[in-house]
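Paired with chain B in one complex and with chain C in the other, chain A is shared by the two complexes that follow.
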Partner chain A sequence: MELKIKKDDTEVSCAISGKLTYQDHNEYRDFLRSCEDLKFSKITIELDNLTLIDSAGMGMLLLTIEKSKDFGCDLSIKNPKGQVLKMIELANISSIVTIEKIKK
Partner chain B sequence: MEDAVLFSEIADCKVLIVDDVAVLRTLIKTCLQKAGFTNLITAESGDETLEILDNINPDLIILDIVMPGIDGFEVCRRIRKSSIHSQIPILIQTGMEATQERAAVFEVGANDLISKPINVYELIARVKLQLQNLIMSRKEKAYQERMESELNSARIIQESLLPSAEAISCVEEKLNIKIQNHWKASSELGGDLWGLQYLDEHRLSFFIIDFSGHGVASALNTFRLHTLINESNLDWSDPKTCLQTVNSHLAKVLPPEQFATLFWAVIDLKEDQLTFSSAAAPPVLVGRDGDHNGIEFLDTSGLPVGVISDYKYENNVIDFPKNSFIFVYSDALIESPDEDGAMWEEIGLMDRVKVEAAKGFDQIQPNILKEFLDTAIPPIPDDLTTVSFIRP
Partner chain C sequence: MNDPKSHINLPEDVDVQDVLMRWCALSNIQRRALLGLAKEIQTSSDLVESSVSGLSDHFLKLATLAQNQSKRINDFADDATRVEFEGRHLSLSEVFSSIEDNLAAIVHRVIGLSKNSVHLSYTLEDIDEKLHSLYDDHKGDASVTERVQDLRNGVKLAKDDLKDIATVDISENFNLKDRLESLMSYLVLQSQNMEQALSTSAEDSKILSEYIADIVTKMQFQDRTSQRLSLICSSLKVVRETLKEMEVSSLSVIGSKQKEDQNTLWIDALISDMHLGEMRERFVKHLLFDETDNMYDDVTENEKMVDHVEPSDDIELF
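Coming up: the complex of A and B.
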């Protein structure tokens, strides 16, 4: 997994690439923790280049949803593809958060 | 830094000092005695060392190389080949200066060497180090053995949560339905569980759950669930309320990143129907009317249980006439890599199931499982459960 994080005064975006699995959870939690202190109005998670997600990875997405509620900010999950999209659809994540699919 | 092993733990370790020169034996013994070691034994030759080894069973040997009869190299080789003593640390004392000869000491299996003439402080430091390592690895081994034994006990308890062979055959007989199942944790304990209940003379209810992650933490969640199912008066005849009850309970107790996928179904032989509700379970396979080409995946999408406490699940009803089957599994079946790193995925599973189904619906579960276990690279990375219900 690789995280590319961009922050400005009001928004943070995080592009996750590679595989999001159990072994990434510490690094991902660090990212979420880093959002805690700053008052962002929006978090965007970009999944264009995420190729695989396992159940622990799904847990990280669910944790992000939970945390964004705690922070009182908007959350948008963008462009899941392939296996990641399949998992997100299977878990009906769109019932609790907006999944944006942008056609390229 | 504090020593992980105290001197008091190594002071009475049995040290065997081997040297053909009496003065040197005495010198080493005296040095170690002064340093506080209490359990010192001496031998005069390689032959004597090998003779007394079984009786003495030392914790460390300080061994001279050049001795009449069997020399230190040979003693070291024989000890390393011995089934009982091969792990004894050996400290070789050598007067040899050449690098190659010093390397030979390690080639025959010595743990360390000490140069002659002996430097007292070096001798004591090296003896301490070897014995500390020994005690440390004994402690680690004891810890590991205790953990293994505890996990083994826990595994036996966890297996008792699964439907027993008697319970399964009782349901099979009462309803004239065949049930094939497999459950195996990826480590000692797992996060998978399945359950079964006879409802009445024409209905049975079952579920399969897979907690995120595996190992001890998710295993504890299976215990939690089992307690919940047995303590709350769960209505097994209504899959959606079962999901809702389990979900609202788990949402309260699980941290946000933990969840479970759950599939619950009721097979009704009088109405020829199957009613199911699903929370992100891997797509379930169903074949009906003996039609092996028409086998299909059920739509099992739904929010995993344990995430949002008031999430509403739905019941879906499908036909389930005679000569039908339903095959449920945990995701390890389609997400474990084979030799080439490839996973079956849903499509691979479907292709294989269709092939086996042509031989008979009761061939699916055992043959799919066999192929999986033959081709997946051990250790299987996740817990695996498969259950097949076949209605003749």
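Coming up: the complex of A and C.
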């Protein structure tokens, strides 16, 4: 997994690429901590280049959704594809957070 | 009485009384023949009416059967595309939607467990860090470091267990969802095709029922035929009465009875072209025995010999 984080005073976007699995949970935690510390008003998770996610990765996304509510900020998940999109649909994540799909 | 010969120039050897007798005899036979024909018409009318009535009954039963079949097909089409579950009628798509919802709920719970496991892992890592600091702070005290190390080992085991929980493989659920969607698409399509076929059958049965009802309605116009035949009988009656009047007035002049042998010749001539044996038999009996003037008079003993009630169903070739 690779995280590319862009942030300003109010917003942060995190582009996740590669595979998001349990072994990435520590690195992902650092991102969550920064969100918690900097108190952004909006968090965007970009999944364009995420090719695979397992149940632990989904747990991390769910934890992010939960934390964003605790932080009182908006969260959106952008452009999941392939297996990642299937996983998100299977877990009905769209019922608790906005999933933005870029139209081609 | 005036001499007929004084009005008509007839040869001297012509017996006018004999001529009149012959005319009266012919009139008598014609009258009986007309009565026989009128009764034959009435018999035919009754036969047709009875047959039409029987056919109407059968067609009405067919129409009822077609209506029932149409309703049963509609009910079956409705049942075939629905499932009764816990007192509710669900469509196939609703059933599959419910299964998919349940599957999503299960996956959501699994992922919820993964989330909690990740969260707990973070907590355990915080604890481990603190234990690590404690270990460093008490490096000189073996009793403390040993206990701290035991605790860190326990934390590591717990983290390993949490990892197992957090990484439950749910890929099989993907396949299950895909299979469910394929199965649903197939069953819904099959159900739609069956519903369409049954709907067409029900519609055909409905049209059949309507056609049959239309046939029954048209057959009921048989009444008009009966009315026309009845009018023909009435006309024949008028002719018979006229003949009767002529006979009475003529016989009062000549005062004589008809010749039976002459009647027999005329009967032979009248029935020679009748090919339906049963009808010919009745006709002859009318000519020979029927003394009534009105086809609706009480039945005489002689007329009882002429059975019009149940004409034979046998078919004779002409």
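Convention: the second predicted complex is superposed on the first by the 103 of 104 C-alpha atoms of A that agree within 3 Å, B and C clash if a C-alpha of one lies under 4 Å from a C-alpha of the other, contacts with A are read in each partner's own complex, and residues count from 1 in each chain.
As a working rule, a contact is a pair of C-beta atoms (placed from the backbone, for glycine too) under 8 Å apart; a residue touches a chain by one contact, two chains touch by 3 or more.
Bear in mind the structure is a predicted one, so any value in this text is a computation, not a measurement.
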After the overlay on chain A, what do you see for chain B versus chain C, clash or fit? clash
Between chain B (first) and chain C (second), which does A:Gly59 come into contact with in this model arrangement: first, second, both, or neither? both
Give one of first, second, both or neither to describe whether A:Asn26 is in contact with chain B, with chain C, with both, or with none. second
So, A:Asn92: does it touch chain B (first), chain C (second), both, or neither? both
Jot down the residues of chain A that show up as touching in both complexes, chain B in one and chain C in the other. 22, 25, 54-56, 58-60, 62-63, 66, 90-92
Enumerate the contact residues on chain A facing chain B in the complex. 22, 25, 54-56, 58-60, 62-63, 65-67, 89-93, 95-96
So in the complex, the part of chain C that touches chain A is made up of which residues? 103-105, 107-108, 110-119, 121-122, 125, 163, 166-170, 173-174, 177
Residues of chain A touching chain C in the complex: 21-22, 25-26, 29, 54-56, 58-60, 62-63, 66, 83, 86-87, 90-92
Going by the contact rule at the top, pick out the chain B residues touching chain A in the complex. 210, 212-213, 256-259, 261, 280, 282-283, 300-304, 307-308, 311, 331, 335
